[in-house]
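Each of the two complexes below includes subunit A, the first together with subunit B, the second together with subunit C.
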Partner chain A sequence: MTVAFLILAALTTAGMAAAMGLRNLVHCVLALTLGFAGLAALYLQLGAQFVGFTQILVYVGAVAILAVFAIMMTQSAGSMTRPVFSSAWLTGSLVAGSVFAVLAWAICSSAASRKMLPPEPQATVHQIGDALMHRFVLPLEIIGLLLTVALIGAVVLAMHGKRETQ
Partner chain B sequence: MSSLTSYLLLSALLFSIGLAGALTRRSAILVLIGIELMLNAANLNLLAFWRYGPNPAALTGIMFTIFSISVAAAEAAVGLGLILAVYRHSRTTDLDKMNSMKG
Partner chain C sequence: MPETIDQIFVIVKHWLLGYVPAEVQPLFSALLSVVPILVVFPLLFAITTLLERKGLGRIQNRYGPNRTGPYGLLQPIADAVKSLTKEDVVPHTADEVVHFLAPLLLVSAALLGYAVLPVGRNMIVANLNAGVLFFFAVGSLVELAVFMAGWSSRNKYSLLGAMRAIAQMISYEVPLVLASIVVIMAAGSLSTVAIVKAQAGYAGIWPHWFVFTPWGFAGFVLFMIAATVESNRSPFDLPEGESEIIAGYYIEYSGFKFALFFLGEYLGMFATSGMAITLFLGGWAAPFSFLTWVPSYFWFFSKLLVLIAGFIWVRGTLPRLRMDQLMNFAWRFMLPMALLNIFIAGVWHFMPAGLSRWLVCIILVAAPCILLSRGLKKEKKLQVRTYRFAE
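Now for the complex of A and B:
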């Protein structure tokens, strides 16, 4: 466990906790961007360069912007007088806390994490592309189909109905 | 504490933060963001197991993470579209007010 890991873990945790706890929704999305960037840096620490840059492109670039657009289109940025947590907040926090307790207990008592440190594996973009085109070509095609369906579905859902407006 | 354990503990913490947000927030957009956080925690788990696993040359952890990121992006787009559709219908994104089907 290095100093870089500790700093990145603290940054990511702080960003995500702020994203879930702040009152103003735009501030939440800004903190969420910080958390996603910290996660991308953690991926780079793990030696997965391609996934780290994909994380920055997809999450910091696209998902955060999409969330900001949704907040602006639903005009829920300025509503700060009402309580931010729902009526079932106590049950929700209890469930989340117990889930974390169970997960931490399982991780700390597991034998899988007491192994020697293997040498850093290599995952170049060339190898990833090779695997995507040979071994994982069917999942790649299915993901392409899924993204097309999701694109059309999101447009149909968010589009104003023509028959209602005319 | 080994490196794998610390990564797994961080991933469990991020998952719990996302779960707490998804269960306690009133805004539907933030509930969706909490679900995204849980997916990200799972991705960190997959990458940690790829890095410290017995056979990293097979690249399965990286492949699973890439596909998971694609599915999460599609889910975010469709989820925000659904929130916009619900907002046009009921003029609110407050989950406590969406109780018209409550018995």
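Now for the complex of A and C:
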């Protein structure tokens, strides 16, 4: 529990809590992006360089921009008129607290938490590439196929929209 | 003696670190690496604003600024004084916090990219294992800053400019990354230091830079076009052109914040040019084998100045692209060319060295380029423009 971890964890938690609690939708999206950046920093602090930078590239660079585009296209970012916290907040927090307690008890008393931690692996980019090309090549190809299908589907949807307006 | 001049900054840094106690040495080492970047590149920005205005003026058959100081050399100082003393106007209904943070995020994201550029031999701020990935990840923070600027101004032209700018930037991010993948394939590493090392060595007097191969040349051209778009420069400056949308997403910024946007845009341009130099033009390597006695940082900055001159030349020459022309160009021309380029780099790698591999790769690059551009032009049914004047 180093100081760096505590600061980054506080930043991430604050960002995600603000993303749920702020009134202005754009402020919520920006706080969510701050939370993503905090997660990326946590990955970097653990020594996973590739995952950390990919988190920034994908989440901050693509997912946050997607959310931002949705806001810009629909222009629905006025302040909320009803309060952010619902009237049943006490019951909600009790339920959430008990679920957390059950899960924490289950994890702490399971066999997996009692195993000795293995030595920290060196996850260099070279090794990730090796694993992707040798051991995990089938999932890689299937994900590529899935992404291609999604891309073609998006193009078809956009084309249909264009035909209708013409 | 040439090695001493080449490594003079590294030697000075180690000498200064000797005067500091051991506990604070990592912090001081980081400071000593970062402060020169913060000094040199904004200085280069100031010089570039002057060079650009003089250069554009000469292309347009006029003098550039020549009143402030001899040959207008004190113009950057005049610009700085003006932007610092202007009143900072924030619209009444604007979102003040986001409005304030947008230029800060832009400049910070642009400056972060310099951490992985090898400016000279052994002169890099952070030798990351995944350096190129870090560079592109940081570049994607710029789009968020553009959105923040456009949205917080509560101005529909500002929002429109921000939408166009973000659409343009995310469209061209794909060819940018794909064009750099060929270099990563050829060098076998994501680290910028390893990529520069893979381009060291000379065949006779000619260097082994990647730009001197067919796939490298195509990749370089694609990368430079995408770099022009990523920094919203002419001919892709529709979101910020003055006759289009009056400065687009930074309409509502004045004084120092406007200067920060300007600075962030140019710093992004320098960083992407620096990455192009690292990936394609051999980094700090000398162009001929008999010139290796010249210090390495001299070559890096000379190549950077050549690329900046290229940017200024293109800005003064080509007309602005319309939004749909821009998008078509990205998705229909540059993306297929970038994907084909990856295939061609693979062909180059697996064919034996010799004349046949050059011929095959040149044909594989040139033929799709010509056919694709002809095919895309034909479907627009372009004719010679005729004018009808009032009688």
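Basically, the second predicted complex is superposed on the first by the 120 of 166 C-alpha atoms of A that agree within 3 Å, B and C clash if a C-alpha of one lies under 4 Å from a C-alpha of the other, contacts with A are read in each partner's own complex, and residues count from 1 in each chain.
Here, a contact is a pair of C-beta atoms (placed from the backbone, for glycine too) under 8 Å apart; a residue touches a chain by one contact, two chains touch by 3 or more.
On a predicted model such as this, the values are computed, not experimentally measured, just so you know.
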Touched partner set for A:Thr33, first subunit B, second subunit C, both or neither: second
Scan A:Met72 for contacts with subunit B and subunit C and give back first, second, both or neither. second
Between subunit B and subunit C, which makes contact with more of the residues in subunit A? B
Quick one: is A:Met133 in contact with subunit B, with subunit C, with both, or with neither? Answer first, second, both or neither. neither
State whether A:Phe50 touches subunit B only (first), subunit C only (second), both chains, or neither. both
I'd like to know which partner A:Ala62 touches here: subunit B for first, subunit C for second, both or neither. both
Just checking: does A:Ala4 make contact with subunit B only, subunit C only, both, or neither of them? Give me first, second, both or neither. neither
Identify the partner contact of A:Leu145: answer first if only subunit B is touched, second if only subunit C is, both if each is, neither if none is. neither
Thinking of the overlay built on chain A, is A:Thr124 touched by subunit B (first), by subunit C (second), by both, or by neither? second
Where on subunit A do the contacts with subunit B and the contacts with subunit C coincide? 50, 54, 62, 69, 71
Which residues of subunit B touch subunit A once you look at their complex with the stated criterion? 1-10, 12-27, 29-30, 32-34, 36-37, 40, 43-44, 47-48, 50-54, 56-57, 59, 61-63, 65-67, 69-78, 80-85, 87-88, 93-96
Footprint of subunit C on subunit A - complex, ascending: 24, 26-27, 30, 33, 49-50, 53-54, 56-57, 60-62, 64-65, 68-69, 71-72, 77, 124-126
Write out the stretch or stretches of subunit C touching subunit A in their complex. 95, 98, 128-130, 133-134, 136-141, 143-144, 147-148, 151-152, 159, 162-163, 166, 170, 173, 189-190
Would you pull the subunit A residues touching subunit B in the complex into a rising list? 1, 5, 9, 12-13, 16-17, 19-21, 25, 28-29, 32, 35-36, 39, 42-43, 46-48, 50-51, 54-55, 58-59, 62-63, 66-67, 69-71, 73-74, 76, 82-89, 91-93, 95-97, 99-100, 103-104, 107-108, 112-115, 117-118, 120-123, 127-128, 131-132, 136, 139, 143, 146-147, 149-151, 153-155, 157-158, 160
